[in-house]
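Following this line, the structures themselves.
In what comes next, chain A is part of two complexes: it sits with chain B in the first one and with chain C in the second one.
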Partner chain A sequence: MMRMGIRTLKSAALALAVAFAAPQAMAQEVIGVTDDEILIGALGVLTGPLFRNGKTIYDGVETVYNEVNAAGGIHGRKLRYVREDDVCKPDQAVPAVKKLIYDHKVFLIHGGGCSNASLAAKPEIEKAGVPWVITASTAPQLTDPVNPMIFTTMLAGWMETAGQLQRVIDLGAKKIAIVAQHDAWGESRYTPLLDAFKAKGMEPVADEELSPEATDATPVALQLQAAGADAIITVLFPKAAAALLRDMYKIGYKPIVVGGSAIGDIKGLNDAIGIDGALAKFQSLFPTKSPLDPSEDVQKWKAAVAKYYPDDEFMVWHMFGIASGQFMVKALEDAGRDLTREKIAKVLATTSVPDPDTYAGPIACTPEDHQCYKSMAWFALKDGEQVQVGETHLSQ
Partner chain B sequence: MLPFLLTSGITTGALYAMVAIGLVLVYRSTGHINFSHGELFMLGGFFAYTFHVTVGLNYVVAMLLAVIGSFFVGVASDRIVYRPLIKAPGLSMVLATVGFSFLMKGIGRFFWGGKGEYLSIKPIVDPAPLWIAGIPILPQQLIVLAGALACMIMFTIFFRSTLAGKMMQATAENPRAAYLVGIKVEQVYTYTWGAGAAVAGAAAVLMAPLTLLSPDVGFTLLLKAFAATILGGLGSMVGAVVGGFIVGITEALAGGYIATSLQEVSSFIIIMVVLVFRPSGLFGVYGIRRA
Partner chain C sequence: MAVGLVFLATLPFHANPYLLFVGNLAMLYIVLTVGLNLLIGYTGMLAFQNAALFGVGAYGCAVLRVTLGLPYWLSLPAGGLIAMIVGVLVALPALRLTGLYLALATVAFAQFTLWVFLHWYSVTGGPAGIQMHPVDFGVLASTAEYGLYYLTMAIMLAVVALTWNLVRSRIGRAFVAIRESEVAAEALAIDLTRYKTIAYAISALYAGVAGGLFAAMLGIVVPESYDLFQVIAQFAMVVVGGIGSVWGAVIGAVGLIWVQEALRAFKEFQEIAFGGMILLTVLFLRGGAMSLIKRHIKGWDEPLRRIPRKR
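Presenting the complex of A and B:
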């Protein structure tokens, strides 16, 4: 009798242990998710001249996560964000993403700034089956063709250039020229720009090349002037754009010039050129509202960024991250507590944020289209400040 | 268009020449090409930025401090990196300079990366272009041009007319013989690396308003300066300056008259042609003999 009792007790204990251990084991099978935490990885540039295309954006993402955590987290779990530096270089992106996936063991990746680096990281992410929400890379081949695990909350490069062309037409330009850098980043915009010209039955009056590290753009400026272009579409990083704008001003040539989202800081560009008036007819596009937008939607996030990152000056790069962070939070909330990578990917594919606080339009994914954002705002320098001067919405 | 392109090419060429002068200085004295010269330029520019923009010192004072700071970086590089390799094969020194360039780039990123797309120093003079005989020139470009010519003249006189310059050349020609006649070879090397770095720093201070500063700014300029040095003749101060101007003018003319896509590569095509017909470059000799 006594022996039976002990046996029964042992069986009961074993049954209890199995009963408790089973859900634990299931939870442990979801990499990057514990009872009280979801580990999310950021892949992007954290140092060097392009750091704003990474570090500043992730400060924006993490500000959203910090606010969510302060309010209790999502379904009882806090969000933890770890960052790895790809230095904006393909050869650095692969070890960085491997570190996120295999060392940190993140649940998903929320980041990606430089297209070249993101394209290099993509095969590793696909191989590991990790969901990836891209914050700033613009190469269209990241989400086209559709991969069930990869999404972007940033405009694709072709959308930027299509928007640039539409903008100069809207501003009344008749003779439009192109100046592009022909690296992978530039090509991802340049080819679609030529397609956009064709679609409108137009031809650029000049099509010039400038190196990203150019110090002298006088020959390019002279060619553009000789072609009689009244508007220039630039597909350039800030340094080359600064040289071009300076040297156009130098020769007294002042057409409309439109830049892309790589030139996020027009005030910084103005400081770099150092000549008052050189940016008088320059505009560049961003997916965001203005950082100076007085609305509560923007100002509350400006205050939150200042709280968590007192050394940061609030700018459009933070706003990329904030809108993308809101999208990610919405998906995690909709996915519920029982998370798997496959489940969050399915939820992301139907997630919609109709009015993100810092973006110029909605973020909306569909199972057929993971390019989830297609709106842009235009900015220029007025009285020494960067202000919004227009919007363009491409069809969803 | 031609006057515009020539002016542009000359001013850009002055920039390349200025960097090339530092390369030649080190090569003439040590027999080694300093592949970290671009990063010394970068560091000099950041020193100037820190003293002038961050600390708020007067431009001239900031420039002098940047040049002095660069000199000490050069001296430190000799003591820490190059002196231990003084008797090693030449390839070891090449690798050491390349390695040192990566180290300095890392230091640049650590202290000055993440502070802006590119850091800029406002020009010394009014940045608005001057119109001279109907041709626009940025005043800062004239300053770089004057700086390059001054450096060239100064170092040519230094090597030809001063005892220290002759000791440097003697050391480069044959270190063992120089040692036997009482020249303190190691001290000569130390001052040479320091002087080379100081020239890079001076170039950076003058050119920063034109090139903008980033931790990666050195590499492209090193390539152009290296091309200028090879074209002019490795070891020739005059050759480095002439080579710099040829590279700058070639780029401008190719970009203006052929295609802007050729602007960056044109100088290297010319160099290949020159080296086929005159391997020692325009003003060079067939290399420095080492003991």
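Presenting the complex of A and C:
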């Protein structure tokens, strides 16, 4: 009887121990989170012709994570960043995101650069209930309507073209023309640009097309001149833009020209044109500050990128990643040590970074609006240097 | 083979969703490459329109399902039929061409199709494409992924069996006769127009059905999925597996999908390794993986006639 009693007591003690340990064990079973590490997945283009656009963004994110880790991590945990390649294609994005979620078992996803690839990945991310902070994809339907787990720190595609139109109007233009390349990238901006014209009750005085590989744009330049356009909005890659600007200059036609984010390197564009003065009335927008910005905010990150990725040349793509990385770190700090996917999503929905080091404006999410970034900076070439000449902050 | 079939049939029970997707993708590419091999390998036509017809099938299925509201059970075969009709229409002018001229004409068709996908906004949705909600398999499968996996498996097995029998029939022998010499084939009273059109039609039907499956797998149909890389990928699968062999197409599709996924870990070296493998095959293994199998497995053969059973 006595022996039975001791055995029963032992069993009860064991049961109690298990009962008390169970919540602890459950708490430790958050996918992608251990006592000393948070595993974060990156989905983006790492190979193919666009690899630099992806790799450098994730180098920027990881630079922020590396600096945080060097300072002791977040609430005692280090951040580990694992990257999967979506090749900028939907058919590669789906296996890549499944690998991140089910093979690597990441806590959350921080990445996404190509809109269609991200759109293809979205259903799987939604189904798995994984929080996702998008770094560079611009499709508005990624965050509209609002999904409680999905956020973006990049401008939506329509914002860029709406910003371009607003800029030429602010610069005093009355007769505005469009020159666009009609591939997938160009079409995704061209249609919202026409919508922006309609919304303002305006019509372009000319609407011309150039191939992304165009080397001669003389006929287009002559058409624009004949239409009497005093400002031109380009939806072009740098090569075609260089041809257009060079050929307009050659025929003595010098309107205001406003480019998009594809032309982040105006000095490089000037080199490609090879004629001094061809960019005198050219401006282009970007969501970031200039990589050449002498301020401490930018220069410290330039040095950090050089430390971790000595082969990288510091560019605007890094700056996307750095600003987005700062946003993520802020959210993880605010969420505290007891992490769950639902909790971090709730925190992300109210996270605000008023002055990210590398962005032109604040990143701020609200529960009703997960399009968390809406600012852009304008750049021009002055005395041979790319300098910021203005900012636009969209309210919706 | 039985072991392989059991493995395929039980994969959903022991694989995570990522591996299940890769398995599904490999089976889908088997359907595509078996059809392409019929055209390139058996009939000897250097035609590059398969990726475009893959896209036509995907868009056809998506438009019928999303825009017109047809159920997947109807939109999938209808997408395949649309691709087949387009394939036959392409065949009509292409029948007069051979070699490099045929290659150029079909590449031009592929580029034209891509342009249509991109610019025909009212039907294709332009660069943003068409988004499809998951297919509901009702009581047949607990999830869309499982349902789609078994559907793809059933179609893949049917396509392989059908093609295996086709190439050993009178039609298959006519294909091979055309490949070896069109003049000699005509001398044997083989109707070139008829048999070439049959090859184009079957290949296009396979590509179209694979397109409908692909659309459901991804949940989105966009132009960049059917670009030049898709042309090269399918062509590489046929070459690496073995031109003019049904099993070669199977091995090529499974092998290249497996290598592509296995190389994910190597990131930037993925492209070099992938390209290197194709280069090595072309340089040192002209007959593809099938030439190795034929060399090392005694008695392996893919006869063009049915061998009577020994009594």
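Criterion: the second predicted complex is superposed on the first by the 302 of 396 C-alpha atoms of A that agree within 3 Å, B and C clash if a C-alpha of one lies under 4 Å from a C-alpha of the other, contacts with A are read in each partner's own complex, and residues count from 1 in each chain.
By definition in this document, contacts are C-beta pairs under 8 Å (C-beta built on N, C-alpha and C of every residue); 3 or more make two chains touch, one makes a residue touch a chain.
Because the structure is a prediction, the values reported are computed rather than measured.
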Which partner does A:K239 reach: the first (chain B), the second (chain C), both, or neither?
-> first
Classify the contacts of A:D36 with the two partner chains as first (chain B alone), second (chain C alone), both, or neither.
-> neither
Would you check which partner chain A:G268 touches, where first means chain B only, second means chain C only, and both and neither mean what they say?
-> first
Where does A:H182 make contact in the superposed view: on chain B (first), on chain C (second), on both, or on neither?
-> both
Could you tell me if A:T215 is touching chain B, chain C, both of them or neither one (first, second, both, neither)?
-> first
Of the two partner chains, chain B (first) and chain C (second), which one does A:E342 touch, if any: first, second, both, or neither?
-> neither
If you stack the two complexes on chain A, which partner ends up touching A:E385: first (chain B), second (chain C), both, or neither?
-> neither
Scan A:F51 for contacts with chain B and chain C and give back first, second, both or neither.
-> both
Share the list of chain A residues that count as touching for chain B in one structure and for chain C in the other.
-> 46-48, 51, 182
Chain C contacts chain A in the complex at 16-18, 21-22, 25, 118-119, 121, 126-129, 131, 134, 214, 217-220, 222-225, 229, 261, 264, 267-268, 270-271
Which residues of chain A touch chain C in the complex?
-> 46-48, 51, 83-85, 88-91, 94-96, 98-99, 101-103, 115-116, 119-120, 123-124, 139, 182-185, 187-188, 191
Where on chain A does chain B make contact in their complex?
-> 46-52, 55, 182, 208-211, 213-216, 218-220, 222-223, 226, 238-239, 242, 246-247, 249-252, 264-265, 268-269, 271-272, 274-275
Residue set of chain B touching chain A in the complex reads 1, 4-5, 8, 11-12, 15, 109-110, 113-114, 116-118, 120, 122-123, 127-129, 136, 138, 209-212, 214-217, 220, 248, 251-252, 254-256, 259-261, 263-264
